[in-house]
Every structure is written in C-alpha cells, then in structure tokens.
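Take a look at the following structure, please.
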Amino acid sequence: MRLSGRNLKCVRGGREVFSGLEFSASSGEALAVTGPNGAGKTSLLRVVAGLLVPADGAVALEGGEAELSLSEQAHYLGHRDALKPALSVLENLSFWREFLGGRPEDAGQCLASVALDHAAHLPAAYLSAGQRRRLSIARLLSVRRPVWLLDEPTSALDAAGQDLFVRLMRDHLGGGGIIVAATHLPLGIETRNLRMEGAK
Amino acid sequence: MRLSGRNLKCVRGGREVFSGLEFSASSGEALAVTGPNGAGKTSLLRVVAGLLVPADGAVALEGGEAELSLSEQAHYLGHRDALKPALSVLENLSFWREFLGGRPEDAGQCLASVALDHAAHLPAAYLSAGQRRRLSIARLLSVRRPVWLLDEPTSALDAAGQDLFVRLMRDHLGGGGIIVAATHLPLGIETRNLRMEGAK
Amino acid sequence: MTLTDLANPTRFLALTTRILPWLAGATTVLLAIGLYQSAMAPDDYQQGATVKIMFIHVPNAWLSMFVWGVMSVAALGTLVWRHPLADVAAKAAAPIGAAFTFLALVTGSLWGRPMWGTYWEWDARLTSVLILFLMYLGLIALWRSVEDPSRAARAAAILTLVGAINIPIIKFSVDWWNTLHQPASVFRMGGPTLDKAFLWPLLVMALAFSLLFITLHLAAMRNEILRRRVRSLQMMQASRVAFSSEVGAGSRDGHASNEIGAA
Amino acid sequence: MSLGPYASFIVTSYALVAAVVVLLIVWIIADYRRQQARLQELEASGVTRRSGRSTVDVR
Amino acid sequence: MSTLAALIRRDVRIALRVGGGALIGVLFFLTVTVLMPFAVGPDLALLSRLGPAILWLGALLASLLTLDRLFTADHEDGSLDLIVMSRTPLELACAAKALAHWLAAGLPLIIATPALGLLLNLDGAATFAVALTLLAGTPALTFTGMIGAALAVTMHRGGLLLAVLVLPLSIPVLIFGVAASQAAISGPLSFGTPFSILCALSLISFVIGPFAAAASLRHGLD
Amino acid sequence: MSTLAALIRRDVRIALRVGGGALIGVLFFLTVTVLMPFAVGPDLALLSRLGPAILWLGALLASLLTLDRLFTADHEDGSLDLIVMSRTPLELACAAKALAHWLAAGLPLIIATPALGLLLNLDGAATFAVALTLLAGTPALTFTGMIGAALAVTMHRGGLLLAVLVLPLSIPVLIFGVAASQAAISGPLSFGTPFSILCALSLISFVIGPFAAAASLRHGLD
C-alpha cells in the first residue's frame, strides 16, 4: 500500500495555503507533518481525508481495497472530537463503530485499551479534555482503517497516555498501516518528515 | 499579593474530583498544576476562577484590589477560546478588550506581539488551531489581569509560539503577576508545583 | 470562440466590451418598433384597450422564467463543470430576473383589476409566480449575505436547481388547475391562437425584452468580474502589509486560481 | 389612440415598466463606474495583478 | 442498512434526551392552536373552518423552528467529517438524519393533532383527515427543509436566512395539505386529488431532498 | 456602560452577519405573511381579521428561531465563562444580550409591519395599532424567553425545560397583544385595557428576566 500526493495545491477562503506539494508514505511508514502555525498542516490532512477538494493535484492510495475510495479507508482524528455530550461514552463509541463499520464485539476492549472503561457509562459531557482525546483514540482503534490521519493527536494527553499512544501507533505500523500526523511535538516513533514552511 | 486555596473540595456530576487540596502562590510566582488525565486540574482552575463553586473550602486573593472579587482580577485561558467565527480577528479582540476593560489603544499591539497582525481582518473562522490559541493569548495580554489561570496554554502552539509565550509569562511574573497553569508539558519557566493524583 | 476560451475572464471582458454597444443599439431599435406596433394595435373586442398591457406583461412573464432557466444552466456550470464564469453569470442574473418577475406581477395585477375585478387572487399561476419572486429575493439575499463568493456560489447553485422545479409548475399551472388566468395562447401545441394583430407586436416586444436581458446581463457580469478583481486586489494589498511586517507563517498569496479575480 | 376607461391602468403599467428598466440600467452603469474607480485607485496605490496586465490594457 | 439504523437511533436518542428541538416544536404547535381562538373570536363555525389551516401552519412553522441545526450541530463537533468519510453513501445518511428528525419532531405533532382538533372544534372525521394529510405531508416539509439545513453548513449561516430560503419551497405542501383537509371536511372537491398531489410532493422531496443536501454538504465542507 | 454597549454591538453584529441582516428579517416576515393566504384561503375579510394574529405569530416565531441559542452558543465556545468573570454585573450583561437579540430579531419586524399590513388588507389605523402592540410586546417575548435560554445552559439536558417554560410564559403576551390589536381594529372593547396589560407584562419581564437568567447562569456553570 502506498499513499502519495502529487503537486497538491490548496486554496482556503480565497487564499492559497500551499502549492506544488508532494509526499508519499508506504505501508508501515509514518509521515510527520510539521511547520509553524498556519502553515497548512491541518489543511493537508483534510485534503488527504477528502474533506477539502484540492485546487490542483491529487492524492492516491495504491494497493488498498480497490472498490473503496481513499477517504473510506482512512480515519481522521481532528481537533473536534465528534462526541455528543448527551450520549454516554459507550453509546458514543458504539454508534461510531456501527456507523463506520468496526467489529461489534470490541467496544469495551477499545475503551479498556485507552483506560476509559471505568467511565463507560458517564455522559460524554463529563469527560475531561484528555479523556475526550482518549475516547477519540478508542474510536480510531475500533473502526480499523489502514490509513490514520492524525491532527496533533497527543495534545491534552498525560504522560501515560502519550506512551500508550506511541505503542498503538507502533502496532498499527507493524500491521502494515500508514500514518500521517500533523504535530508540533516529536511523535515518539520513527517517521518520514514533511516540513511545511508556509509561503513567505 | 497572595493567592491561596484552603481545604478545597470539588464535586462534579455527583462525583468527588478532589478534596482537602491546599495551594498558594505569591506575586511573581507561577504554580504548575500537573497530574494524569481526569485528575482535576481543569476543575481546580475553574474553582479558582469562580466558575465552579467548591463543595468545601475557599480560595482567597490577599493584597489585590479590595473592591474587586478574585474572578474579576483573574483571566481564564481555557480550551474553549471564546472566539466568534463570524467576527474578524480584530473585532473579536476589540470586543473582549472593551468588555473586560483593557486599554483601548493596544489591540493592534497585542496582535503584533503574538504575530497575528497580518490576519487582523480575517474572520476568526479562518484561523488555524495555533492561530486561535495565539489570539486567546493576545486577549490575555490585552485585558491586563494580575492573576492568569492557564489551562494547557501551549497546546497547538508551534516552537516559536511556545518561546514567545514563555517570554510573556516571564514578563507577567516580573511585573508582580501570579500564574496558575495546568499542564502536561514543562512550562519553560520556574514554577512551584502542585501534583494532583486523581482518586484511585 | 469556444466555451473554454470564454472561461478566460479577460477574453470575456474584451468580447463584452466589443459587443455591448451593438446589443444596446439593437435593443433600442427593437423596443422602439415594438412600442410603436403596440400603440397601433387595435383594441380587443373583449378587453378593449387594456389588451395593450399584454405587450409588456407577457414578455416580462416569459423572461421571469427564462432568467431562472439561465441561472439553472449556470448552476450546473458551477457544480458540475466548475466553469469560472458560471458563478458570475448566476449572480449577475438574479437581480435582473427579480426585476422582470416583479414587473410581471405588477402588470398582471394592473391588468387583473379591469379584467377580473381584483388586483390579486390566490390562484395557482399567480401564486407560483409570487413564489418565484420570493425565491429570487432569497437568492439575492444569499449572494449578499455570504461574503466568500465561491461559497455563496455553491449554495446558490443548489438552491437554483431545486427552485427550477417551480418553472414547469408556473408554465403548466393553467392547464393543471382551474385558474382565472388564461391558458397559453402562443407557445402551445397546435400553434398560436392569438390574432395576428396582437401576435406580431407581442413577439417583437418579447424579442426586444430578451435582447434587453442579454445586454443587461452581460453588463452586470462585467461588473461582477470587476468586483471580484477589486476583491482579490484588496486581499493582495492586505497581504502586502503582512509581508512588510514579516511575521507569522502561512501563505500570503492573495491569489486563488478558481476565482475570477486571479485570472 | 384612445385608451378607454382603463387608461390609468395601462399608463401606470407602462410607466412602471419603464421606471424599473431605467432603474436597472442606471444601477448597472453606476456599479460599473464604481468598480472601475476602485480598480484604478488600487492600481494607483501600486497593487497589480500577477499577470502584470492592468484592466485598462484589457480594454 | 444497519449503519443507517445506527444513525437514526443516535439522532432520535439525542433529540429525546436533549429535548430541545422536538419539544419546542410541539409546544409551538400548541401555542399556535391556542392562540387562534383568541384571534378569530368566539365564532365556532369559523374556527372549525380554519382548523386545518391552523394545524398545518403550526406544523410548518414548528418544523422550521427545529430544522436549522440538523446538520450544523454535527458540523460544529466534527461528526459531519466522519459521516462524509464513511462508507455509507452521503445521500442515504442525509435521508436517515431527516427521517430521524421527522420521527422526533414531526411524528409528535401528528400524535398531538387529535387533542388540538378538540380545541379547534373539529369533529372526529375532520381531525382524522387533517392527521392523515399531516402524516403524508410533514415528511415533505422535513425533506425540503433539509436542503436549507445543509445549505446552512455550506454558507456558515443560519437563523432567518434559512427560513427565507426554505419557506418558498414548502408553500406547495402547505397549499395541498390544507386543500386536502378542507376537501375532506366540507368541500365540494374530492379529497383524493389534492391528497395524491400531496403524496407526490412527499415522494419528490424524498428524492430531491437527500440529493440536494448531500451535494451541498459535499461542496460545502472545509 | 460602554462595556454593555460593546456587548450589544457584538451580538447585533453577529446576528446580522450570521442571520443575514435586518433585511432578511423583513423578508422572513414577508414570507410568513404570504403563507397565510395559502393556508386560510383568499378571503380578504377573514384575512384582515386574522391579520394581527398572523403578524404576532410571525414575531413569536422569529424570536424563537434564534432565542434558544442566546446563551448556549456563548456557553459552547467559552465566552460565557469570560462574561461571568467580568466586572460587569451579570444581570446587566444578560439584559444587554436580550436587548441585542430584540434589536436584531424583533425591531426589523416591527419596522416592516406597515408593508405587511397592506398584504393582509389592514387599514392604516389597524396597522399602526398592530405595530404599536408589537413594539410594546415583543420585548416581553425576548425577556421571558431569555429565562428559558439561560436554563438551557444550566441543565445539560435542558432544552426540555426551555420549551416547557418559555412558551407558556409567552402565551399571555400573545393573547393580550392580539386582543389589543383586535380591539383597536374592530372590537367593542377598548384598546387601552389589554394594551396596558401588555405594557405591564413587558415591564415585569424586564425585571424578572435578567435576574432569573443571571441566577440560573451563576448556579449553572460548570
């Protein structure tokens, strides 16, 4: 499997964010996207996720499941955590698992692996910032997509959470997955790097 | 000036978050609140800010302006950034400055000091995560409160932004301010530490 | 000159500037002929002199629907082909269409008073035209209240296409429901039933009004292109300031390839 | 040409159509002037388009 | 299929827990009906003549009241991103969301109709006719309103602008809904014709609504 | 004072930008009014009799459409925290927010009333009476609605309370508003009595609304 972007150009709100951007990552590789605030890291991830239409160029995934599009094989972990405060932690997770098509049996297990099982029946409104992030990570695990698109995934996580997440990323890469992560902090795994400068 | 909490107990959603907590910080001192996810760091900051009523104990500021309450002398920089997407960057900042009572002349200057002046007329909806955080910091500067309550202030900031913020905190402490910051990362300044363990 | 050539707004501007005077001239001449002919037209044996209102009512009514059709094509251009002039065409057409619809409504009611004894009646034809008018107003409101032109264009395109369902309803309402309004007498199966003495002036006036629309539309499109240029230049100017203060990151390039202003 | 008992209706409708059409024309011309003026102002202040051509050349 | 069921279940559950939308709708419906006798005065015959119109107006305005956050809420918390990226066709997901909204906000109105019919002096048959037209027609209101809700995401706008865009689209539904009820109660005309047009409108909206909404969401995300 | 002015200015500005401006408010009112004849039928005498009720319903709907997010929006983005912590008394801040809401959602409607009166076949005096009652009454709608909006923040699942509380509170306003207008147009009763009750309701709501809202916000934040 190989994820690559060629000659990408992104325009948002009438302003060019980046252009002529190239990148690629193969199975088992992580690509760390770094750069100053406003350089376009999030924009790039959203282009890869299919949530933004690039003004030029294209992103392709070779060697994935043929009948699925790239965005259907990717999971996007962004700043906004897609949790409904009125639903309980477990309800939130179960919904996304059913809707995005994860295995039905492992919701509890995914919660346990991010150390949230004790909170399974709390409303999501009661979670602390780090706990919300952990729940997002549980969702990432439960939907089992080969391509992970992570936007500052470790923000709000405590030290234990960061270690845990490093382990999870290792496992994912070990299983042949691909990771594209935008970050300001070292990820803790080996990565290829894509530095975005922001046009000067 | 001395900020102190005595025998604080916090109950949220019917569950005790912490109890018997004591802390203090004097003029020119920063208190770093650390601990695992869900330990109650944010809750403590909100108690100090007057946004949560403690179930027991009290927080007091000695030596501040007598006729103002603690929350009126503090500024809270939380995860949610209190920005209205429909307003421009400058409009957002100016509103808060007028409403919270900063000096009218220095909006542009505060924006410049967080390197956002080039975006002053963009709608806040167009800002990236780090740019939003920078704008919150500009607000923190412009309202000039002696007590800063910071909840993971450096998340989403790039390296330059973090350096900048360290400088700003130094200046604030140098001017006799007080900082209480919840954080998972080293703040980059000298701090007293308050470690919260979370009920096990 | 093909459609792709026209995609270049600069070419389009040049072309417009060349043909606008001719169009305006032709419109004036045709309008003069049409007005003369309608003044000379005989009185109707039933309607008396009020039949003269027809010569302006019917062209306006036709155009009110035609303009929506033009906007629907433009909407497809925006959504499917992403043609850069489509947004401009759609936006420029809305106020003109609204004006024609308004005129159809007003001349219709002014005709209705002597003919039906009332200015307004809630029948299917009249109502559906009123809905058309409201939708024009909604579209104009949409264009005005969303600053980002490409965002507004996409929303407006979808709304236009959905609203296009109203057009056949207007056209056939007289056949589908029992209405006060009279059924089609020009564009109908089996040829026009209108007397030649009325048909000719009507057709000339219709042609004149169509030319008027084309002229106004091209001129309004030209304005819109210029407006977008101004916008993108202003954005560039703003970013100049940003360059000189040399702070921050991110692209300061004010250009957007999918916007007219950048062409 | 006699307009019969309903002359006022006929005259009003023609006058109204004329008024609205004239209004449209005036609005479009004024808008054109305004945009041209703003463009020239911007160009005078030194902002040019990337292609290097000014709108004036285009005409 | 089960993915759509999950979406419907989630949306209905949220609506019932948070209460806001659906209940405001029903209460607004009630307010409209309660207000009318005051407006019309104590003329019972007139009141029952106006009955269907009042109920329909109430239903239209009530659905308008709750629709505008159908997609905006999901957009703001990031759910919409994941919905767009899912393997479920967006058109179906939109339809499922609209259906959930109708279940939570439209169905209660219909269930409340008999009670309100009493207030408006409608007899049993008339109430039944109105309820039937509401059952056939309110889905059309939801499914056309959905277009506006999706446009709200595209445009970053809300509130009255949406209402202005959506209302003209729902006028035909209102006309035929009232016409059918009137016909059933008193009219010389047959109930069948307007009622079948009403059903046709609903069917059309089932097709156009989800497609237009999905198109607008696809083009509007950023 | 200037802090309150800043708050009002901000809220009005956002409302106008997001909702599309005062013009949209008028357009909305127009659409609602145009809806009525569709529902009720083209009976002019009846229409003018229903006129005041229609205008009042439009006003209620316009205010409800945006009222429920009066505080929730500020709560969700964290603005409310800062407002509570500010040196401005919370009661005044609440009143300012309500006033801003009324300026953006209520006032345009009142200004548009004369134009709509024409459509509804109301004569000059009647239109004036309706506009006057709207001017006196719509603030009461906003200021009572504000209580519900504040409660919605407090109770996380509180939309329910909002609905249950606000609408019943606004029914008396509607009834006296319509009654006063009717009296002015046709009625044997005097205009003065219901109108002064309406004014009294407004005055009471000016006092109770901000206090209740502020209390609920203070106790409800977490």
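A, B, C, D, E and F label the chains in the order they appear, each numbered from 1.
By our rule, contacts are C-beta pairs under 8 Å (C-beta built on N, C-alpha and C of every residue); 3 or more make two chains touch, one makes a residue touch a chain.
As the structure is a prediction and not an experimental result, all values here were calculated from the model.
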Task = Quickly list, by label, the chains bordering both chain A and chain D.
result = C
Message = So, comparing C-alpha centroids, which chain is the farthest one from chain A?
response = D
Query = Busiest chain-chain interface by contact pairs, anyone?
reply = E-F
Message = I need the rotation angle between the copies chain E and chain F from a CA superposition, between 0 and 180°, in steps of 5.
response = 175
Query = Quick one: chain A and chain C, Cα centre-to-centre, how many Å?
reply = 46
Message = On a C-alpha centroid basis, what's the spacing between chain E and chain F, in Å?
response = 23
Note = Note: chain D sits from chain C at a C-alpha centroid distance in Å of 15
Task = Would you kindly tell me how far, in whole Å, the mean C-alpha position of chain B lies from that of chain A?
result = 29
Per-residue overlap in chain E, given as positions that touch at least 2 other chains = 17-18, 76, 156-157, 161, 164, 167-168, 171, 175
Key: Multi-chain contact residues (two or more partners), chain B   = 12, 79, 86, 119, 128, 158
Query = How about chain B: which of its residues touch chain F in the complex?
reply = 12, 46, 49-52, 68, 71-72, 74-76, 78-84, 86-87, 91, 95-96, 98-101
Query = In the complex of these two chains, what residues of chain C are touching chain A?
reply = 148-150, 231-232, 235, 239, 248-259
Key: chain D residues within the chain C interface of the complex   = 1-7, 9-10, 12-14, 16-17, 20-21, 23-25, 27-29, 31-32, 35-36, 38-39, 42-43, 45, 47, 49-51, 53, 55, 58-59
Request  = Provide the residue numbers of chain C that touch chain F in the complex, in ascending order.
outcome  = 120-122, 127, 130, 134, 137-138, 141-142, 144-145
Inquiry  = Applying the document's contact rule, which stretches of chain C touch chain E when the two form their complex?
reply    = 79, 127, 131, 134-135, 137-138, 141-142, 145-146, 151-152, 154-155, 158-159, 161-163, 165, 169
